[in-house]
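Two complexes come next, and they have one chain in common, subunit A, joined by subunit B in the first and subunit C in the second.
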Partner chain A sequence: MAITRINIGPVHPSTHGVLRLVVDLDGDMIERVETHIGFLHRGVEKLVETRMYMQSPAYMEKLDYVAPLSYDEAYVAVVEKALGIEVKERAQYARVILLELQRIASHLLWLGTMCNDLGQMFTVFMWSFKDRDMVLKLLEEASGNRMFYVNVRLGGLQRELPPDFEAQTLEVMDYMEKRTAEYERYIERNPVFMERMKGVGVLSSKDAKDLGVTGPVLRASGVEYDVRKNNPYYVYENLHFSMKSQEKGDNFSRYRVRIMEIKESIRLIREAFGRMPASGDMAGMPIRLRSPEPVNKVSKLSRELPRGECLMYMVADPQKPYRLSIRSPSFINLAALSHIAKGQRLADLFAILGSLDLVMGCVDR
Partner chain B sequence: MKIDREQLTSQVDRMKKNGYDYLVKITAVDYSDHVEAIYMLRNLDAGKDESLEVELKNDDLWVPSVMRSYRGADWYERELSEMFGIEIRGRTAERLLLEKWDGANPPLRKDFVWGVQYKAKEE
Partner chain C sequence: MAMVDYDGEEFRNARKEMDGLVEKSLEGRELRPNVIFAKLAEITKSAAVTKDMIRWSRQNSVWPMQFGLACCAMELMDFGSARVDAERKGYLLFRGTPRQCDVMVVAGWVTKSMIPEIKRLYEQMSSPKYVVSYGECATCGGPWFESYNIIKGIDQVLPVDVYVAGCPPRPESLFAALIKLQKKIGGEIED
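Showing the complex of A and B:
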């Protein structure tokens, strides 16, 4: 049969940002997907070379506007490593709590948009957005901003958590636990959802390793790697973190991994509050024009972001990064799209794309 | 680990056989007098990371492709050639990864000229 070539995007409601796909079809089956990226490229890696160390966190947050705090923290952490600054213990717990809250918010947004991509289900989108907003309110309490927080400072946080933060958070977590169970109950009984998720977009564990995918996509294919477990940072070692993975590598497995991660994050937050030292402060260094001199020329560190592993590689200069290389999780997960989509139906392309949980700002940098 | 460019593909092959089956990232740093390409590999089972650093002379910027060992290298290699002007040999030529521009004056090199208007390349 003749091959039909169709163009999707750059502006399309289901591409979650500006992404262009050129799809070659044989009837209804996908033969090849050509991915065009770069519409949101802002040259962040070059830009940070021209800014002082603590001028850049705001740029980092704009990379992944769904989970800004995670990028902020990863960047500040690599600067701390280069400058040889220790993070206060209480601040470590606070950072873990905020990062896990951010993960819940990010996964909830994913859940809503994923169901939208499958059609007919604006209900879940409305629910998860409402719930996500409760988490955003907590982050706002802690940082003062609703969306872009910029409250991670060298050695700690911008300020102490508010006095009633713990009580408020635990209350929201109780609610969130009930809601997650509800999501599972409603969604997994929905025949439309299940038909389009189970057995669609399968990625074997061998291919997952070979293509280098990361985060929930990697774990859904049965490869157990989570930076929080395999290369723990902060206090994750003290918390009883259990990694979530699935075997089949289809859309449904990726959904399951994320749902289980929400539950695990809720548990981690509770445990972290329980173990957080009552005394001590968490205030970091205020932003000054001059920062301390770097002690490490080359620093490298990994963080488990909601979308997968982010690796920051920094060559330090006095006052400014000489070079910052960011391994963005969405970038490499999107690179795997053409492999996963091959041989699938065109209608499933957006189900697969949605299940990879991409943020185009993070892809293009 | 610093290695020569000539040994890169054989070293990568050997490491893949020894359990380093995951490519984390390929990146580069321009040190003005030379460019360093960095290959970060990981042994997922043992949880070990290893970096291979290849030093390249400014007037001789090319590296062999490692696509044969890791398919995930595709976009990283294209990024490398676009952002650093490093030629990747031994793989099929693809269009630029980011959209339409002529590819001259690679942006992540230190001698990058700021503020130059680029002409969009016709497809």
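Showing the complex of A and C:
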């Protein structure tokens, strides 16, 4: 049978950014998907080399604009490692709280856009954005901005959390817990959602490992790997963190993992507030013209972002990085798309693409 | 309101008259008079009122395009969600195709490889069309002004009607920008 080649993108309502796909079709079945990226490339890694250490967090946040704080924190952490700076204990708890809040916001955005892609389930989009706004409001309270926080400083945070932050957060978490149950009830009884998610876009655990995917996509395929558990940082060791995974590796499993992660994040935030030392300081070093001299020439660390594992590799020079290399989870997860989509129907392509939760800013860098 | 005979002499005359009126009243704007305008002229029997009505209808149905480039697109999505409730001012749901849109909100940095795509999208929009430059990157390059792959402002490529500053601007800012655009369409403020 003749192969039909169609072009999708770079501007398409369902590609979540500017991604171009060239799809070869045999009838309605996908033979091959070719991804063309680079429409958002702006040379972050090169720009960072020309900036002082603490000028760069603002650039890092624009990598993954759905979860900016996670990248911000990962970058500052690698600088801390290079400069040999310890993070105060209270600040560690505060960072964990903010990171988990960011994870909730990110997953909620994913949920809304995913349901939107699956044929105009616009209700979920409206709901999840309303809830996400409540989380963003908390982060705004803590940092002063709605979306880009630049809140993490060497050794701590920019400033103490606001006095009523704990009460506010716990209130929102109570609400969020109820809402998550509501989402599950609403979504998992929806025949459109279930038809298009269950059994579609299966990624086996072997393939997942071979392709190097991370994050919820990997855990949905039955591989138990989470940096927070396998290589814990900050106070994740002290918190009773339990990894969430699924067996089947289809779209629905990826949805389940994210929903369960929202619940787990809610639990983690509550626990972190309970264990946070009451006294102590969380303010980090203010941004000065000169930062301390680097202790380690080469430093690397990995972080569990909402989208997967991020690896930061930095070769340090005095005052500014000599080279910063970023392993972005979205880029690696995008590579799995052509593998998963092969043999599926064209209509399912966007369900699969959506379930991978890609951020093109993070892919192109 | 009387029924109009669309095949009759009367309608054709009104249409012809309206063509002249609209062309005269909206000089410089790209516009093709159509049946609705002809009908409007027939009902109102006044060029000034017709012009006002056209402007009024245009002003109150500004449809944005679903076109997000980068970070600011997140706030664009928030703009389309429940909290801001943009629909009450006529900014209906984001349309997926440029042919149904009136305003293109350029949200994000513009790379060299995106320029031809953005130009093509703009050309596909039906006139009259407007552009809002949303955020620092689209306005002047923002933090990427030293990058080798970013152009310093979408106004180098497209004619921009309203600029919004901020990194990213809050969704409310987009609301304010579109209200400004509405005033501009209505002729309340000058270019």
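Definition applied: the second predicted complex is superposed on the first by the 365 of 365 C-alpha atoms of A that agree within 3 Å, B and C clash if a C-alpha of one lies under 4 Å from a C-alpha of the other, contacts with A are read in each partner's own complex, and residues count from 1 in each chain.
As a convention for this text, a residue touches a chain if its C-beta (ideal position, glycine included) is under 8 Å from a C-beta of that chain, and two chains touch if they have at least 3 such contacts.
Just so it is clear, the model here is predicted, and its values are computed rather than measured.
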Room on subunit A for both subunit B and subunit C (clash or fit): fit
Partner chain in contact with A:58 - subunit B first, subunit C second, else both or neither: second
Partner chain(s) touched by A:285 [first = subunit B, second = subunit C, both, neither]: neither
Touched partner set for A:331, first subunit B, second subunit C, both or neither: first
Touched partner set for A:231, first subunit B, second subunit C, both or neither: first
Spatial angle subunit C-subunit A-subunit B, Cα centroids [nearest 10 degrees]: 100
Touching partner for A:42 - first (subunit B), second (subunit C), both, neither: second
Touched partner set for A:315, first subunit B, second subunit C, both or neither: first
Partner chain(s) touched by A:129 [first = subunit B, second = subunit C, both, neither]: second
First, second, both or neither for A:212, with subunit B first and subunit C second: first
Closest Cα approach, subunit C to subunit B, once both complexes are overlaid on chain A (Å): 6
Subunit C-contacting residues of subunit A that also contact subunit B: 38-39, 41, 43, 46
Parts of subunit A lying in touch with subunit C, wherever the complex brings them together: 10-11, 13, 17-18, 38-43, 46-47, 50, 58-59, 62, 65-66, 68, 109, 112-113, 125-126, 129-130, 133, 146-148, 360-361
Residues of subunit B touching subunit A in the complex: 21-25, 27, 29-30, 38, 40, 44, 47, 51, 70-75, 97-99, 107-108, 112
List of subunit C residues in touch with subunit A within their complex: 66-71, 73-75, 77-78, 81-83, 94, 96, 108-109, 111, 113-114, 117, 121, 143-144, 146-150, 167-168, 170
Residues of subunit A that touch subunit B when the two form their complex: 36-39, 41, 43, 45-46, 209-213, 223, 225, 230-231, 300, 309, 311, 313, 315, 322-323, 325, 327, 331-332, 335-336, 339, 364
